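Look at the two complexes coming up: subunit A is in both, with subunit B in one and subunit C in the other.
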Partner chain A sequence: MMEDATMEPARETSAGGETFLLKLYVAGQTPKSMAAIENLDRICTEHLQGRYRVEVIDLARNPKLARTDKILAIPTLVRNLPTPISRIIGDLSDVEQVLVGLNFRKL
Partner chain B sequence: MPTTLDTRDLIRENESLKLRLAEAEATLDAISHGSVDALVVTAGKDREEVRVILDMGYLGDSLFNQVAQPIFILDHAYRIVRSNGPAQLMCGRNPTSLPFSEAVTLLPTLESDFPVPDELAADWIGEGKHLSALEVCHQHPLRGMRYYLLDANPVALSWEGVQGGMVTLVDITERKLAEIQSSVMSGQLRQQFTFMKSISDNIAEGLILVDEDQKVIFQNPAASQMMQIPESEAAGEDVTEVFRIESEAGGRLSLDWTDPGVVEGAARRAWVRGRNGSRTPVQYSIYPIKDGEKLRGNILVVGNISERLTSERQLHLSMEKQQQSQKMEAIGRLAGGIAHDFNNLLLVILGFTDMILQQPGLDPAVEDSLREVRKAGEKAASLTGQLLAYSRKQVLAPKLRPINEAVLDIRKMIGRFVGDNIHVDLDLTPEILEVEIDLAKLQQVLVNMILNAKDAMPDGGTLSIRTGRMETSGRDRSGMAGEIAHESGDGVPPGSYAYIEIQDTGSGMSEAVMERLFEPFFTTKEFGKGSGLGLSTAYGIVLQLGGHLQVFSEVGKGSRFRVILPLAKNQSFPSVPAKSANLPSQMGAGKVVLLVEDEDMVRRLLARLLKENGFTVLEARNGEDALAKLPAPETPIDLVVTDLLMAGMGGIELAKRLAEVRPGLEILFISGYREDQYNMPLIAGQPPYFVAKPFGPSEFLAKIRSILEKKWGN
Partner chain C sequence: MPHPTFNMTPPDVQLEKALTGIEGLDEITSGGLPKGRPTLICGSAGCGKTMFAIEFLVRGILEHGEPGVFIAFEESPEDLAKNVASLGFNLKELEEQGKLIVEYIHIDKSDIAVAGDFDLEGLFLVLQSCVESIGAKRVSIDTLEALFSGFDNHALLRQEIRRLFRWLKDRDLTTVITAERGDGALTRQGLEEYVSDCVIVLDHRIIDQVSTRRLRVVKYRGSVHGTNEYPFLIDDGGISVLPISSLGLDHPASKERISTGVPRLDIMMEGKGYYRGSSVLVSGTAGSGKTSLANFFADATCRRGEKCLYMAFEESPSQIKRNMESLGLNQEQWTSKGLLTYYASRPSLHGLEMHLVKIHKMVKEIRPQVIVIDPITNLTSLATMSEVNAMLVRLIDFLKAEGITALFTSLTSGTQSILEATDVGVSSLIDTWLLVRDIESSGERNRGMYVIKSRGMAHSNQIREFRLSSEGIDLRDVYVGPSGMLTGSARLTMEAEERAAAVTAEQEIENTKIRLERKRQALEAQWAVMQAEFANEEEEAARFISQKKSVQGHLMEDRNEMARQRKSDDAEPLNVKPLNLHPPTLKPSAVNGRKGE
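Moving on, here comes the complex of A and B:
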């Protein structure tokens, strides 16, 4: 089972701009969860250049953590920072949707 | 009325609800697009419990397609709701919505005791029962019989917890076939081994199996017996320590395993020394056991050849004996032939000598010389007589007599023969054992043996003479320890016998001497001291009496001669009366004799003898000659005198021809073989007249006179 994990790189600040705090909720190694992890890693690497922090939360191990962000479906990505909080449900395979949904473009 | 604060709160709450709704919509949208594969739900009384439910629909395809084993998902009614590729391959079609038992026909394996279909037919889903590792068979239309391990587990099929079941099968066909094959194989091997073992346990040959280091792996009971070592002790030992071989003389032999001649199965002979000291003559062969080109060991096959050796030895002995007896027979014939010729010569010598001696007014000096000639001639005649006896051609006159008589009659003579330094010990049976013997001849045999015994004891000793009864069972050689036995003929056949034994304490005989003992002219005595005919004559006489001679001897301890005679048989030969008569001269006046004889000297002598006695003699050289010279029927022939054996037509054939052309003729046969008279055909129902050579003139004339007297009645 997957541990709750912080994805690389864990840089809180950078020269010009805010740091994104992202939480990815998965349930064990379901195909969509695995795909979401993979896709998020690629998007962050390409578009956030180290200005992000990601937590992967495995609800199969600890379902109660679903309450924090009122998670209904898995996988779900939650942007806690910068506010407002926003979320994207699904395996993050639509990169455009992810970039719009999380306002990465505005950076 | 709501306050401003209230209004701001409401707006904020409205925003939040809008956001929540958007999120819900997004979630539903994601679910409907199949972008999620699990949901988070709350449960329990206060909805405090949070569960994550994985969606089978999302998991199914990827999982099913990754798994190589057939998997069937059944609903609560055991209908197939899902199946993966391998499962569909197993069914030969897509089995969705078919009852599992219809789509897949499973059979129990041969080994499984429980009826698999029954277990599967039970309501294992409803009962929440897990079936684990059932061995089943499935007959596939194309792939043939396959073996599986089957697991069946009840599972929740939906968010609502609808019960269903999952059946997974693991294909174990390869392993199972290998197992079956090996169990069949091991069964066959076991059977073969049992079969081979029963063979090796029961054959007479010893088998010893050795590995490449010549250590014994296995030996059969026959080998254990020969070597006197139980298999348990032999196993692991060096084979040369177990299979200890020796030469016949007892020297240790080495077993050279590297000698290709030995290892390739050539038979060798040796003696096996058993652990208890026993010795067994064997023939052994070594065969290599190869695994491809590599030598894995050898098998040693050992046969006990005791019996074969014995029979080989017996065969050798009997061949020797046969050769000996053939040799004796050949010598006998030779001797008989020589004697026959001698008899003719002696007849002439003695005949003419007698004729001269009968002439009146002979110079006494000449007469003395002639008498010496005649003595020498008679001695020679007796010598030929002995030769003929050896060759069994001499007539014996056997009568029933107690065997002791033969000894008692010569008892007085014995003392005179042997001299003072030899003690004579008589041990005669009290039984009256009657045997058919020619007493004189038997005594000749005994005297001969006694003289031999005396010669064997020049420094004195004991001469023992025993008589007794003897029953033989066929193979009786009854030699004592250390003695060499020698026997006449082919051994004594089973029966009752009387024997006379003559034993000395003299020098004894070597085997080489004994082998030639009965040969005529064989002697160990100094030149001039013995004729070498004594024992051979004895041999001939004993054989003629239907008896046997046995000789036992040991060098340095003396010899024992045993004459064995069959007890009482009623058969006797008429003895030839030796008549002597003074014949009046001119008895043949006016009588005609046809004289047929191929030996010129003999014919001339007889013709002269007959003529001197007044006969008219017609001479012929053989049968044909006689028939040719036969005078006209009006010329009477009073007597035909013919030799039996002649070059050309012999006496018997002549007699037959004469019976045709001149019936009623009297015929006198003469022959060098006395025995011939008993083998001749009857002439006119009567035994023929016969006179044996050599005969003196008076015997010859007396015979003629008796014939003529019978004929003319005067």
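Moving on, here comes the complex of A and C:
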């Protein structure tokens, strides 16, 4: 079911400013990976209202990306945009931490 | 993961080892690190862990054709390349050849927010992708403990590290993992619990402002290994460890003899000199000519076309050369031909062990037949006597194993007992021990030399006078007489006196002979007079006898006539014997009897 693809089609809106460009690195269908995907989906839906684009990357399929993208921990969520780049590791079950890590609070 | 324990390993299944190529380490571990298993290298900051990790990989590539992956948590590839360039390792080139990957993983805690459970699968994937892309056989991870500063969840980290070691083992990767030394434990995070095969501790100690690096194999499951602390050195050739104390007493002894460089000294040793491969100690007071003896020995070595390494701890090479010129030695000719190598260094420059390593390295490089260490006593300022002795034991064992003839000079304090403590400590290791000694008498100092011991040869036990002049070293017999041993001008005086005495004695003999001859002549004259006197007496006596006889005859005739006339009986005639008066047999030759002998 998992693909290296955009989880949600980009829904560009002009309503709240910038669009978030997020990458979620997972490795196979582990419970942690599945949990992370679910948690991210929920957080984005609740807090970003369409101002985001998420890419899920399965390193089990493409291990070289772990090296090029410097991914140590699985799962890792990388916020490429807006800059600066920030990283959040874990299955994203701690919603508060995710929001702090993504700087949602400032919005 | 089951480990084959030592007593369960069948004899024919030896633990496979991977040669590190690090000088000396493969000897200590009898063949290198466990192949396909992780080895933990722990030590405090600056003790050479990273150097060890990188050299292990580079040597693996260059010497054993095994590609390697270096995972750096602390240094960037650029820094690393710069740091090891001084060792002659070109990391960039190896990377371009596809034999090495330096993977830098930067962990900054402030960049990472943790939101929920995670694992380090990414690290495994990075490692996997690196290993697979070049077919690596060796991996170094420097240092794994950086993970602990990056992530708070230590329970999880431990679990992941355990998994990592298993992962590395499963892929038959020979791995070096470095870790910081902790208080009271080998590593700060207790990594040694996870690495059960081989643990090596590096140490960097400073004693009296002199630093020495040491290495110790704490644990090596399933293998014999040296358990001592071995000094090691990091220099332009990489790491070299000194496994010398593992040497035993099984070096072969040569029967070949080599000249001492001083003809008369050769004569003192059966006319042949030192045994090749033996160790010679020249001890003596200051200025007694130890360095000169050493240089003559070096000169003789180079004359045979052999190489000599001269470790000078007191004088600079040019100073030695200049001084030797005054003795008629041209050492420059040998240094320019590359036969003689002077290595000058202040003893305080390195620790004691470092000097030993340095000597080792130079011996390995130059491969000399003869080595001179001038003097060994300067090294004693660095450490306690027992340490110096331990070092010398190692050094002598090493040189003997290599068949190198070694000459050590040793400075003794002259006024006290000659057999100074340093020398006594070393003497059991020394095969030939020469003592050069100042002898003070009648207002001058002279040099005396004797062979205290020389194993395996009938050496002279006489003291010789040791003289240095522009013609070189000369050994002269000293005057040994009732008034003791004399040297220098006292010896010359005594020799002149002896010559004079000899002349006098000769004259006395001559005088005695003359006196005797005269006495003989006088006696002979006396004898002639006595003979003449006797002859006179004899003549007179004969005359007297014949007179008396004729008188008697007349008387008898008269009596017979009277008897005839009286008509008496026949009477017996009176018989008188003539006197036998010959001289006694006294011959002149009996007096002169001794003359002909």
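Simple rule for what comes next: the second predicted complex is superposed on the first by the 101 of 107 C-alpha atoms of A that agree within 3 Å, B and C clash if a C-alpha of one lies under 4 Å from a C-alpha of the other, contacts with A are read in each partner's own complex, and residues count from 1 in each chain.
Definition applied: a residue touches a chain if its C-beta (ideal position, glycine included) is under 8 Å from a C-beta of that chain, and two chains touch if they have at least 3 such contacts.
Source: prediction; values computed, not measured.
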Overlay on subunit A: subunit C relative to subunit B, clash or fit: clash
Which of subunit B and subunit C A:C44 touches, first, second, both or neither: neither
First (subunit B), second (subunit C), both or neither touched by A:K32: both
Per-residue touch tally on subunit A - higher for subunit B or for subunit C: C
Touching partner for A:V78 - first (subunit B), second (subunit C), both, neither: neither
Contacts of A:V98 with subunit B and subunit C, given as first, second, both or neither: second
Subunit B versus subunit C as contact partner of A:V56, first or second or both or neither: neither
Interface residues of subunit A shared between complexes with subunit B and subunit C: 27, 32, 59-60, 63-64, 66-67, 70-76, 87-91, 93
Sites on subunit A touched by subunit C in the complex: 25, 27, 32, 35-36, 39, 59-60, 63-64, 66-67, 70-76, 86-95, 97-98, 100-101
Complex interface listing, subunit C residues touching subunit A: 103, 105-107, 111-123, 125-126, 128-130, 151
Of all residues in subunit A, those that touch subunit B in their complex: 27-28, 30-33, 59-60, 63-64, 66-67, 70-76, 87-91, 93
Sites on subunit B touched by subunit A in the complex: 20, 23-24, 26-27, 29-31, 33, 35-40, 50-52, 54, 58-59, 62
